[in-house]
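Common to both upcoming complexes is chain A, partnered first by chain B, then by chain C.
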Partner chain A sequence: MKIAARLLWLAAAIFALTAPLFLERGPLNDLWNLAFAVILASAWNLLGGFAGQVSLGYSAFIGIGAYTTVLLSLKDWNPFVTLPLGALIAAIFSVIIGLPAFRLRGPYFTIATIGVAEAIRVTASTVEFTGGSSGLRMPADTFDFNANYFAMIGLAVVTVVIAAWVKRSAFGRALAAIRQDIEAAEAVGVNSTRFKLAAHALSAALVAIAGGLYAINFQYISPASVFDFRLSLSIVLMPIIGGVGTIAGPIFGALIVSTLQIKLLSIPALRDSFLFVYGGLLIVVMLFEPQGFVGLGRRIGRLVHA
Partner chain B sequence: MLEVRQLSKRFGGLLALSSVDFDVNEGDVFGIIGPNGAGKTTLFSCLVGALRPTAGQVRFRGERIDRLTNPAVVKRGIVRTHQIVRPFRAMSVAENVAVAAYFGAGRRRGADAERRVREILERTSLADVAQAPAGTLTIGQLKRLEIARALATEPRVICLDEVMGGLNPSEIVGAMALIRTIRDSGVTVLMIEHHVHAVVGVSNRILVLNFGEKIAEGTPRDVLRDPAVVAAYLGDATPALEED
Partner chain C sequence: MISVLLNTLLAAGLYATMAYGLAIIYGVMRIINLAHAGVMMLGAYAAYALFSRFGLDPFVGLVVVAPLFFVFGVLMYAAVGRRIAGAGATPSIESLLVLFGVWLVLQNFAYVVWTGDTQSILTGYTMKSIKVAGVRLGVPSVLVFLASVGSLIFLNVLLKRTYLGKAIRAVTQNRDAALLSGVNAGRISAIAFGLGSAFAGIAGAMLATLMAFTPDFGRSFLLKAFCIIVLGGMESVTGVALGALVLAALENGLAAYTSVPTSLQDAVSFALLFIALVAFPQGLPSLFARFERRAAIR
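On to the complex of A and B.
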């Protein structure tokens, strides 16, 4: 069973990485979108799922990555070289936010993250060097579809592998202990602040790289696109719908949410309904299967075996 | 080994600990008794850094530890259990203990940590339920899991907070035997306990707290005869002393 599941994931990764050989631009774009969603969801899950620290401010890291890439590309940097720098800036920023915010517990932490992300969005719309609310355009000739496609798929694979490794490691056990009972974790020697900061920084870095690739792909960014609160919201929805704290959950969640979004956006009458649909899905998950689709799958598995 | 000087803890208008002084020597089983609300658990919380004392000092092997965080104190070798058990409910019993082996004073990893976990599960009679989710254990097993997790941090001093509460008489006998084996393995024991018989049975020194103040300290025999202790805590239920 375990081996079969692993082979399936391997097959999915190989399929995505070889898809440009036999697929058209349209479906490749869908796959690119899916990979973007998988990165956001899996990276958020490192902190939100494993350590139970629900942040609603992850658009901040997408934006930091995106703006770093565009601003440096405008100074004639190779866009791909800017990605690690965006990751580093986002990681440092996550520590600066985390130091005060991790002193807060539960919903208070979540509210603080909304505040920080909104403050950044407003700042980016006001100050001059980010181009204000009209945003920034990438320099011409910086887009190569294949390079961007492989980078995004590759990053998705790397993110999932990192998540799987973290979950099994001592680091992951510390995060699980923090989620389940932070005081008991501290009582057996787990430095909760340090591990929360580490998980936050790791996920912020991954999300920022994805943000940089987003900027390269769309060639234009603005506070309304990369610092959008709705983006933060859907980042949280994906792991929760798929199965929070698991490896497969954020992937399924990303698949469900990005498919829905593509379908809904293509029907003009339903264009603005996607938050309504997500809200409904969220309520259904919370009420009937808090472990999301992964939990549902396990439940069906048990029924079949019984 | 552990020196507590003028230790005070204030919660708003309540003085939970008031200038408490005592010393614990290496190899002691140091009992702490007193009525509910006397400040016993607060004392443990201050010793391990879960609470910051309002005033006073705690020294461990000469080093001041009263400004350290709880994990930092654990890494120096002092650990506490919780009176109201706090297992990581979604983890198995073995995983619960493994977290402590990873992040305690031993900082063990991999096979070394696994070996240590198995040893401790044997010692605390939890080997049979090693793979069970901690949320499914009985209260007696959960109390032992608290001890197992604390032991897995490889402490020099273990602070046991009412590990016998809620246990039946035969489980209490087992718990007393376990505490003796912990002492014999070279770990100094501090224990808060309401079962006076049990404390007297295993301790060589006893501290009595009442309303946050130390009202007596000494050998079990002397302490139980102290009129202040009888008045404050034991009342008419003064146990007949058993010869050991």
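On to the complex of A and C.
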């Protein structure tokens, strides 16, 4: 069972990496979107799932990555070279925010993250160097779909591998202890703030790189696109629908949400119903199966065995 | 100076109405009601519908909006609230996310019914103003202030003078003790949800007379309401009023005395929310209590 699952993941990764050889641009774009979603969901899951710190402010990191890439590319940097820098800035920012915010527990932390992300969005649409609410355009001839595709797929694989490694490591066990009972974790010597900061920084860096790639692919960014609250929302939604705190959950969630998005957008009558679908899924999952589809799968598995 | 003070006062009345709804539900059920933003938005559209269909003045319309949203809140409690009632001292992240889902559904409902176009309510007095102590004040803002004060007085009388109010306060202070002394906590929770939602509806309907709105409207006001109840110490009535005054004073002061652009004002109040949560999680009243204790020791 374990080996079969591993082979399946390997096959999926190989398929995604060799897809440009035999697929058209349309489906490749869908795969790019899926990889983007997988990165966001799996990276969020490091803090939100493993450590149980639900942040509704992850669009901030996408925006930081995207703006770093565009602003430096406009100064004649190679766009791909800007990616690690965006990751670094996002990680530093995550620590600056995390230091005070991680003193807050549970929902108070969540509310604080909404406040921070919204403050950044408003600021980015007002100050001058970000181009205000009209946004920024990448310099011409920086567009290279194939390079971007491989980078995005590669980053998705790396993110999932990191998540799998974290879950198994002492780091992951510390995060699990924090999620289950933060006082008990502190009592046995887990420095909860330090571990939360590390998970926050790691996931912020991954999300920021994805944000940079997003900017290169779409060639244009604005506060309304990369700092959008709905982006934060779908980032949270994917792991929750799939199964929070697991490796496969965020990937399933990303698959479900990005498929839904493509399908809904292609049916005119349903184009305006995605909030309804998102909200409905969120309510149903939280009320009836807080472990998401992975939890549902396990439940069915137990029924079949019994 | 006087104009800043008056404008602060007017804004504070509205802010307090907005925040009380959130504070009641938090107090009784230990739930952070993210759907509050959606209910405020629906309140705005309800006032709009009453005004455009039946020509009902938005302030007269409050008489319809308030009971309507009370019922809506009770129904919301029956549908989801009851399943997520927090047992512990701190709210659960699950309840937050469920109500977040409710907010999204409400938003989508408004998109379907009223489309995403910007709407506004234009009455005969929308552009009129009156002079108070030499300061020109918009007639809608003054009416909003009066209606806010009226609803706050109503709430205060309800909480202080009636059995229901005492029961609400009892559950807020100690749920278990209230249960032991025979308070039906389920029913009180339902009523608290109804009251909270009625106040959100009133606040939304009043906001609609002051500014244009879309189904996305409400998010920035939700954050401001949070900011206020955090400043106010989450559950005390006077605390909320104090928080509303502080936020309104900050916003009006910034606009009047600094060159911070108005578009950045929201960023300031969101940042204040963050600072308030981190720096004084027990609210301003606790800060004063701390000073008093320190002074008493000396």
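Annotations
Everything below uses one rule, namely that the second predicted complex is superposed on the first by the 306 of 306 C-alpha atoms of A that agree within 3 Å, B and C clash if a C-alpha of one lies under 4 Å from a C-alpha of the other, contacts with A are read in each partner's own complex, and residues count from 1 in each chain.
Quick note on the criterion: a contact is a pair of C-beta atoms (placed from the backbone, for glycine too) under 8 Å apart; a residue touches a chain by one contact, two chains touch by 3 or more.
Not measured: the values here are computed from a predicted model.
Of the two partner chains, neither chain B nor chain C is touched by A:134.
Measured by the number of chain A residues touched, the leading partner among chain B and chain C is C. In the superposition on chain A, A:18 makes contact with neither chain B nor chain C. In the superposition on chain A, no contact is made by A:78 with either chain B or chain C. In the superposition on chain A, A:190 contacts chain B only, with no contact to chain C. Of the two partner chains, chain C is the only one that A:104 touches; chain B does not reach it. By the touch criterion defined above, A:116 lies against chain C but remains apart from chain B after alignment on the C-alpha atoms of chain A. In the complex of the two chains, the chain B residues touching chain A come out as 48, 50, 69-72, 74-75, 79-80, 82, 86-91, 95, 98-100, 102-105, 109, 149-150, 152-153. Contacts from chain A toward chain C in the complex involve residues 52, 54, 56, 100-101, 103-108, 110-112, 114-116, 118-120, 122-123, 125-126, 229, 233, 236, 240, 272-276, 278-283, 286-287, 290.
Of all residues in chain A, those touching chain B in their complex are 170, 173-174, 176-177, 180-181, 183-192. Across the complex, chain A is touched by residues 32, 80, 83-84, 90-98, 100-109, 111-112, 116, 219-220, 223, 226-227, 261, 263-264, 266-267, 270-271, 273-274, 277-278, 281 of chain C.
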